[in-house]
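You will see chain A twice below: alongside chain B first, and alongside chain C after that.
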Partner chain A sequence: MDGLLAVIYYTVKEHIRNRVFLSFLLFCGILIGSALVISTLAMDQQLRMILNVGQAGIEFISLMAVIFITVNLVLTEMETRSIYLVLSHPIERWQYILGRYLGTLLALFAAMILMSGFHLLILFLKGWVWNNSYLISLLASMAKIGVIGSLALFLSLSTTSSASAMSFTGFLWVLGHFSSELQFMAEKSANPLMKAALWTVQQIAPNFSYYNYRDFWQAIQTPPPAWFGWMSLYTVCYIGTALLLSSWLFSRREF
Partner chain B sequence: MKKIFRQNMGLFLSLCLFAGVLVSNHRVQKLYTLPFPHFDALQVKHTGIQDISFILFGFRGLAADVAWIQLLQYVGGPGIFDEQSPNKFDLVKDLTLRVTRMDPYYTQAYIFGASLLAWIKVINRPQEALDILKEGLEYNPRYWPLHLFAAGIIYKQKNQLEKMFEQLKIAVTQPDCPVVVKAMVARSSADEGKIEDSIAIWRIILADPKAWNYHSKARTEISKLEKRLR
Partner chain C sequence: MNPIIQLNNATKIFRKSHLGRVKLAIGIQDLTLDVKKGEVFGLLGLNGAGKTTTIKLLLGLLFPTRGQVTVAGQTMPDLSVLRQIGYLPEAAYINKYLTGREAVNIFAKLSKVPSKIRKKAVGDILEKVGMSQNADKRIGEYSKGMVQRISMAQALIHNPDILIMDEPITGLDPLAILEVRQLILWLKSQGKTVFLSSHNISEVEKVCDRIAILTGGRLAMISESREWAGAEGKLEKIFTTTAQRTESIGSLKFS
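What follows is the complex of A and B.
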């Protein structure tokens, strides 16, 4: 446990000192600030636009950060050979993988909370009234970043280069937002082979549309409480699967 | 055997957890269906790549906002209040549905598009306005201003203008009624000779601090209409 906590601690510290990480944060601040300018084009829908640009901006920057950081998380240490130094300490390999992932996630979540604080400040200055759906949307967005982060880590260990890992992660992000359409296509398809293929892809790919709570909180029928429980289980199981596979791949590497 | 199991424990455990993914995914889908039209219903004639890219990146709300700005730019061109204008604004319905099919809960877009189609003289296509409101009511049955505007348009189609203006008067006094719709109704009222009603609506706009960009217009219109009254 001490080994795991030590890895988490040094990962968080590494990210906070990282200039790339800080520039992501700064860029998001600029993006949220620019929402003020862009939203004037929306006439009396200015608040809605600031809300949407801000939430989308926070998620997009977090996505970029999680892809770039997680893909290079272990690969850089392997290339610079500092991994030998880390593994010479009394820590298990799974602890190293889990610690690196959790440390990255903690740093990213802190950044997301900071960015949301800035976003909320702008919204309140513009006369927005607090709605609990904002918090649920933020939590859903964090869960989504958690899932894509675990997939990025898995892909970084299973592919040969960081560029291909980043591309595959990006592809999974898009596929994840297409999965409800895949289900629809599977239902409509008359060809049983196509039906089976679409159904399989839809089951395996992460279903990211369900994390976009910000898009459907205004719907006449919102999800029942049990749905949130199942979504949490889905998230934990998906992250767990990707981390176990990453840990398994990492344990087979020879250092 | 034991050694193989120990070496690949991570793989076996991940398979077990993946079963959890499948079960929870099934339950998630059973408990709630995402309340959006599918891609085949999107208005993709002119801007398909842009809209679908936004949605596939997970930014549906933002896509609707961009489409909303593009709708405003389309109708904001010259000629909308000019009866001799050659531009008949044929794309208003399509562009409104483009916004609302990406975000079916964008109630202000339904009201704006329908108001343009029903009450702007150069456009005047009330049936298309009703089509938009009908779609809006399917997704937002509890949002009563949509019912109000639909009733107003039906009265207009039946040429019962008194009843139509009664409906509109209620609609424009609502705080969430878009300013641009209030301005449209004020103009339409003046065109139909209801000068006092028109002045009253412009005064509502003038009293609304959020509609600051309409205040100068409201003052000019009020003074013009008061001169007509004298």
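What follows is the complex of A and C.
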């Protein structure tokens, strides 16, 4: 357990002190600030604009950050050879993978909370009244980040370069927003090869429809309790599978 | 005396594939070696001779293609053995975002140094390597010599029985070379086993009890200190007559 905690600790420190990570935070601050300017275009919907643009901005920047950081998480340590020193100590390879992943998520979640705090400050100054839906949609965004991070980590270990891993993750991220369309196309396709290919892609790509809490909120609806259950179960299963596969790939890797 | 390190017909063949073409490269071939407990053993060879491959096999960073690598009675890779090993790499690959103290503390945790004594152990080893005054600066701000000291500290923090050093003096200034020599002799006086690779013959002959010369991944010869002790230049002669270039470059022809 000490080994796992040590890896989590140094991963969090590494991210917090990294300029790239800080520039993501700064960029998000600019984006939330610009929501204020954009909102003046729709005077009657100003609060709604700040709320939507801000939340979408936090999620988008966090997704960009998690893809960029997670893809390079192990690859950079391999390039700088710092992984030699870590793995020459008695630490299980799965502990290293899990520690790097959890450390990255912790740092990113802390950044998301910080960005949300800044966003909420602007909202409150504009007269917005607290709604628990804000917290639930933030948690849904965090789950989404966790899922895409685990996929990025797996792809970084199964492809040969960070560029290809980033491209594949980005591609699957886009496809993840069209899960029901992919399923529809697979069902309607007459070609069995196409059917199989679409089905495979649909299974691999994360199904982001599980995380659309903001759609419920905007429609002034409350999702049924089962929705929360399915979202949690899907998140745990997807991340668990991706981390298991990553650990398996990493345990076979030589340095 | 039972050997603490044993390579028995160890072979490592690297398989590289590019666009469907597979290339095989020999790292080491049928290497059989024994290192006794308390011995300072040097592995000599030209670039590409297989020194680093051998060290990586001992650390479990590479897996043998054939044969067996045994350390402290356990077939490598074996995590439990890594508790008994300290590894000092050629260049210290330590995360530059951490301070010296944080880095040593993390390696202490990875090496399962008990939490009760960890803080004191980290302070003591930083004092011993002369880094206590600079321990709270980030490694990114350190000179090469200072990073090497932190690397020494991480290798010794868990009081290992076996020290594995890969080119420990490459790129160091004369004073630092003297200090590494003192460290090796001190380790020997403490009954530790030191396995080092180098192509600096004059240093090797000052500290080693036995040496092995590798050529093209094969063991060319083993020599004991009594064969060169007191005879200046003898080991260099043994080495230059034994070692052969395996890279496709010719010798210089200025004479």
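As a working rule, the second predicted complex is superposed on the first by the 230 of 255 C-alpha atoms of A that agree within 3 Å, B and C clash if a C-alpha of one lies under 4 Å from a C-alpha of the other, contacts with A are read in each partner's own complex, and residues count from 1 in each chain.
Following the convention adopted for this analysis, contacts are C-beta pairs under 8 Å (C-beta built on N, C-alpha and C of every residue); 3 or more make two chains touch, one makes a residue touch a chain.
If you're wondering where the values come from, they're calculated on a predicted model, not measured in any experiment.
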item: Touched chain A residues, chain B compared with chain C; value: B
item: Touched partner set for A:Val174, first chain B, second chain C, both or neither; value: first
item: First, second, both or neither for A:Leu41, with chain B first and chain C second; value: first
item: Partner chain in contact with A:Lys126 - chain B first, chain C second, else both or neither; value: neither
item: Touching partner for A:Gln183 - first (chain B), second (chain C), both, neither; value: first
item: Partner chain(s) touched by A:Asn212 [first = chain B, second = chain C, both, neither]; value: first
item: Which of chain B and chain C A:Met231 touches, first, second, both or neither; value: first
item: Partner chain(s) touched by A:Lys195 [first = chain B, second = chain C, both, neither]; value: neither
item: Partner chain A, residues of chain B touching it in the complex; value: 7-11, 13-14, 17-18, 20-22, 24-25, 27-29, 31-32, 34-36, 38-39, 55-62, 64-65, 68-69, 72, 103-105, 108, 139-142, 178-180, 210-211, 213
item: Contact footprint of chain B on chain A as seen in their complex; value: 41-45, 48-49, 52-53, 55-56, 59-60, 94, 127, 144, 173-174, 177-178, 180-181, 183-184, 203, 207-212, 214-216, 218-221, 223-224, 226-227, 230-231, 233-234, 236-238, 240-242, 244-245, 247-248, 251
item: Chain A - residues contacting chain C, complex; value: 2-3, 5-7, 9-10, 13-14, 17-18, 80-92, 254-255
item: List of chain C residues in touch with chain A within their complex; value: 56, 59-63, 79-80, 82-83, 85, 87, 89, 91-95, 97-98, 102, 106-107, 109-112, 115, 138, 151, 154
